[in-house]
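Two complexes follow with subunit A in common, the first pairing it with subunit B and the second with subunit C.
== the complex of A and B ==
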């Protein structure tokens, strides 16, 4: 049951079926030998180097921008200012938001105003990176500082200083999600637990590689070539195309290896647009490689969410009926992909639980901070964290065992497919069993005894916490209509092209842009099973290139879906290719298709190897010898098979905010044991287990790698990583000196286990699982809560530095308000 | 340029280095470069001439004297401190602290001299050298002088060195009979910056006879906490008396607040780490 490290036998010694095996990764050879092609390795002939001029102020009027000193500097090709960029554009960037949010005018560079520290006001192109950087210091910008708003809740106040005057408000979106009958539940429950405030902090999962791009606006052809490490390049194309006046077929986006993305490489399209205009102006390619501080300050952060006035109706037996809450999502200074965060969470309205009555009053606000965009666990993580905090607070307040309370409220194995209050369908799983496995792997029995022995006052305390979470995958983009009913989006899909090349080589290419998810390996496994050959003989095109890869509007690598959409497309395309090979084989071997089989690159009559034709022969007949073929084959067979996998979605009901919003629900149950130093609050993880159930695993070791990566990022965020702003809107952690990204020394050994509950809705029974649902944040907070005494404060923030844990430990001494009240019906006292 | 263009000279001797430093107002010594190159990259200091002293043999020796004291050349690296038998023989704690500075790339290049001359309050070695009562050997083209370590650190990124002067070596006396040292820090995470540190040297002869307790990151430079030292002297070497002594640390400190810790937390933690450092020095617990 438990995944243990198995010896890495090479692919050659293994046999089919390949899916389900930990075959060695195709990508590893080049990556471990330093032969990957990352963004800074790529360039174009005659390129200049770009450096952005960025605002030191969080909010200011731009009085003037004078590039003359920069233009006079040696090696400078061009300077593009915000106003000039605007003049070169047709329309501002497209907005997803309706109403006030839709009125926001965002251009490639700031015009008239800067709205966060690091907002770009101009960009310089020069013959070297250093010359561009030097010249950027010579661009004279005159600012008139304005009042600043950095609090996501205060930003919604009518009196708050407004970032975008054309919108007239900082509220980018507001809506109420109301399912079941929460008022009835609150009246009828035996207990109502009230929590004043929970806060999910701002951080960003750190990629090793920052953003970057080389962009060339070719004057002769009008083609705009973009080599970048965007993880959803065609989304960027769709956003910037109308702004730049460039049709999609005049773009050529491409990418190679990407050094980590986690969602934060979806939305740097303003920079791409600015580079395109800079290139157009200078008449040469513009190359930009983001600096680390630039990345931390201006690339993107994860959504910061504040939950207020939480009310939880609970029955005497521990059944939790629902939750009522006001949520404020602070999305920073511009809407990049937002306000989609205001709906994405509703893929997991009740979390892992059977609660039926939920009302969430949701507000998205703009603040003078770095814009947010998806970050591993996007939007669901924040909501799931709140639910897990609720479970533990309810357990703590009403005296339930957190394990038993979870098991009582979990969706049970026999409930699947389970429809949530808003019409989402949980496909499969076994949460109670996953939890038992995790408790076992973390050796919780041992740690409970240790906790008992140590008690309090002996210097160290032990705490045990659970994080139960869902990684909903394969979005129905129709949920965007819940934000804005006029949006023409719905469904999802991915494209793949399977072909035999001129000498019979098998090739697969996709619309995806992997960043470590091993698409080359798993695609080859799946295709190899269909063609009955070794995955080593299947080539999967490295990277993405708009010019020759197949894609749809949803293409990219994001949001836990490749195992379903990507591999679904590979399966469909490869099956088509197999059929064509069999058809040509049937002609060549003069045998009916049904009597043929494929084996290691040949097509043969079953049981008679003497009657066979290799793939090179099939390719020859179609590509270079087609006069031999009968006319009906000539016109139907091309050995280039495209397939688009489309999940079975309907358009959600925007008015009632219901519908099936995601196809699959992988679950992650994490158990964390901490040892807290009573004197300092320093928290050390002494045992950690992660049990993932993502249905059928195409390659178990790759799944385990994703589990480890997601766990490490979550642990880092829970204990070390936070982006805070001071009152002036200055980022307090602009470098690794202040922002400690968790390293190998901080992350404990992770005991990983699994269950495989196949999804009934996907072509291969697999579920997306890469994001991981933020389980470590939930589990670490729960473990810290478990360390605290009855009268101590509750863990109300997702980030817990040593200092904060120290404060929590001493909160009772200082009579700090706990922010939790329980109201019980008289009859419920028993 | 990432690094503004700057002249680079590698002198053949300390005398030549001193001459170069005296004759160029904008010259600065370059040791391991682990801080200086970052400072130049961030453009917070401007230097015209880098005088690379890192490979001068005269600055790279470790001498252990018959009396048990050691003299460590300014350009001895952390890694060399860690590996040196001479250092380990009587000053194992220096090797240990050096071995915990960041990662091996930094330990291969960073020097004891650079660690002191930068006077960065987060650096690991200064509080230890104060606890161990070191003496700094300083030379200029005009002569040489010895500076007691407690007078060496003057403020943030500021030392007692005059323009044109080099720190050539650090002399660390033998631990007095019956004395041991301890060192404790509270870090943000496993391999990150310290929030507070403490180093101590305590001599025990039935009772505590002598104590030097140093706190770092609670003030611009590492400071000795006289109140705690006085409370320790004459006390029994027990956990209780150390706790009582540490409780003298309090309102007298006004630590800075930054993203790693508030002033109040630092003040509280100063007590804890000072106690842990002293406990280690009297053999009653682990440091670090």
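== the complex of A and C ==
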């Protein structure tokens, strides 16, 4: 093997404070040499290879499962069927939903019925991957196909075929969010803009590394060891523990490098549970590496949402008073993390705007499609997309300039802290200025002239669009009570451990599971500032390990929060460690603590370097020489400092659906310029800018990288990426061959800018960021809208392939319904 | 009649080291590299030749190692990501990816580096457009390619300076 080379892009030449600098990443040395440890690179002694047997039908009764031919095949250790798995379990998986949704019984493998294409009915363990795959084909399953429902709105019809008979309905959750007085607003407005239907399509971030795990149910100890790439492993433990009858302290979850996740690696706990039972049955570890089609078909998709009967009251000056809408969230065949999507959107009820009257009638439905779970921008981007569509449609219909209309309705810089109609508190920001910066970066003045010159009928048209979003971060998990008031969840938090090791090494353990967000680097920056040393001399343990005990129930890497919760925990733990070092130093140097300082791994009397003790000396006194310490010091100092950062939340009001649901609101304002070919509908992005305001940036280059990534995934979704099902529930994009993930030729160069509006609510003034709020979907749709004429249909879908743009360009020729009407009071001037 | 053989004896040179192995006829080259030889830097992101995470350089050509069977590589000379750094020093491209934040999760990075290495061998001073075309077969879901393009262009810039004799910093692949 190649020896590990070290990067020269080091940090030695720089000086403190390290926070705020684009310090080189600790992760890169191993990753650029192919020395990362991703899930398929890991395993356990004596492991077998698992392969799931999956349904070709979207909805069918399981008549029989016969594993005998598979068991007779060479190299096969065991086959576990759905019925057998159920017999080994104590209870079905915990459900978040109340009422009908709570009655759903989900087990590790399908029992009696399959409910989407790819639903797992059995799993095989064999001595090689190929033997397992071959044997999986020998498991004989008899299916009796059933009627299929793939439309999220039709699924709510009383006559629709029901997926889960025990629930008796496909409606997993329903509730009305009603703030202000929308009826009054609709009566009082100068104009009411009505939009028939908007549809936010299904897609996923599709991390390049698929899911995977090696699970061992240890025969002797009963310990269940899980090496996986789960991004919220202790959530999985809490879900599957009662089902498997395994207490949390008999689990040992761990992870190392994770090859992207974007929310998509939160909810594959059914697979983990099935592997645990398979291991238990076979008496050896079970290793499973998901393959790409399995991922596309069964891992997870993002929430597909349909908005119906949208009504928007608008005043003559362009003030938008609110919105009334019915929303249907299609979450697929099972409730994985759902129906939390039915409340998460309400972190951003009015989006970036000051509208005060909002009524959303929200229904979560089950369909014969892949279950959804969080996907970058989870649930908020769907809602924000609808709001941004509303802004541009209002502008288009009533003749407002989209820039001026936004600026008129934005929450203004002097309004912060700004309380929204449902009690969320926007912490800080400057949206108008962010928009101006973005318009400048995208060279919109140039493109406006170009648009003017080209007009229409010259083969190409230019369109300019804006996407204004909030990237709400650090959830108050109490919002789950708005879904189900009986849930014992609220608040949030993250843990970290800071310690000196036996020879004085500084080490940080995190409760998080980074997937490219550079937690080792930024944690080291923060710890280095507190200990007054170089981040190069701070080691941050790679990966998550339950055995470190640096976790709480919320631990993981998701929902734009590390800069607040994770770094808050690192700060707290490291400050405790500094205090302990100073206490031991005070004894050793015979000087009061107040006269001591730390410098590059040494504790010294300020101004007198001759009186100093290095960290190795501090560690020696505590770990291997403690008889010299006075008793009170021995009993209080251990140099192992755990801290849990807890944000200041209250329990939301579940009845009125109000409360502060997230701590921080980073903003992202994107501007997109497209050039559309009139003959073909081919749409090319010719200029793109993104301005991020996430408060104080701990590492600006890493922040910029997140902005690029969120922009690229959104652009891909807006133009290229979609999961479609035919009427029989067959997925039409089961691999990267059909699912066109954006390539380097598709994704434009992205101009990025920033503002720093520090959050008054966080320990470091930072805000969580990274998800990005789906801003490109909003901006691309707005740009396409800008290309269309007065008589054309409105852009009503979040996915716009060239074919769809072509249809939009020609919608007026075919007298298609425009999908929008405006009712104005007689006296009102548009 | 004897059964047709289902295994082949192959000899492959990877990063300068010669390997002799008996392999199953159906084994993919990428599984041979990863599982048989334990060179796990080469990754798998799809099964359709779409993502490029398994890219290696075989007999001087860039290939996706999930699209070849191991027996087809008999006699081949292959470079993988593990061979890029030499004598404890990172290759200029590796340095540049680190310096320009050209990677986040790092999963596409080995394949991306091999594509970029091949690109710069063929064309030491590509334009941004040529860089984008050169890596179009490699998917990255984290970076939006912006910093990957910057990383490769920085090495191209050093190559250009070296070729025109203005400066000798960095350079090559």
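The definition used in the following text is that the second predicted complex is superposed on the first by the 818 of 830 C-alpha atoms of A that agree within 3 Å, B and C clash if a C-alpha of one lies under 4 Å from a C-alpha of the other, contacts with A are read in each partner's own complex, and residues count from 1 in each chain.
The rule is short, and it goes like this: a contact is a pair of C-beta atoms (placed from the backbone, for glycine too) under 8 Å apart; a residue touches a chain by one contact, two chains touch by 3 or more.
This structure is a prediction, so every number in the text was calculated from the model and none was measured.
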Touched partner set for A:724, first subunit B, second subunit C, both or neither: first
Touched partner set for A:737, first subunit B, second subunit C, both or neither: both
More subunit A residues in contact [subunit B versus subunit C]: C
Touching partner for A:249 - first (subunit B), second (subunit C), both, neither: neither
Contacts of A:35 with subunit B and subunit C, given as first, second, both or neither: second
Partner chain(s) touched by A:262 [first = subunit B, second = subunit C, both, neither]: second
Subunit B versus subunit C as contact partner of A:745, first or second or both or neither: both
Partner chain in contact with A:292 - subunit B first, subunit C second, else both or neither: second
First, second, both or neither for A:702, with subunit B first and subunit C second: second
Which of subunit B and subunit C A:27 touches, first, second, both or neither: second
Those residues of subunit A which subunit B touches in one complex and subunit C touches in the other: 129-130, 737, 743, 745
For the subunit A and subunit B complex, residues of the former touching the latter: 129-131, 133-134, 679-680, 682, 719-720, 724, 732-733, 737-738, 740, 742-743, 745-746, 801-803, 806
Subunit A residues within the subunit C interface of the complex: 1-3, 5-9, 22, 24-25, 27-36, 38, 40-41, 129-130, 205-210, 257-260, 262, 291-293, 515-518, 701-702, 704-705, 708-709, 711-713, 715, 735-737, 741, 743-745, 747, 749-750
Sites on subunit C touched by subunit A in the complex: 15, 24, 26, 31, 34-35, 39-48, 50-51, 53, 80-85, 88-90, 94-95, 97-99, 101, 103-110, 113, 128, 131-133, 135-149
Subunit B - residues contacting subunit A, complex: 1-2, 186, 188-193, 195, 258-262, 265, 268-269, 272
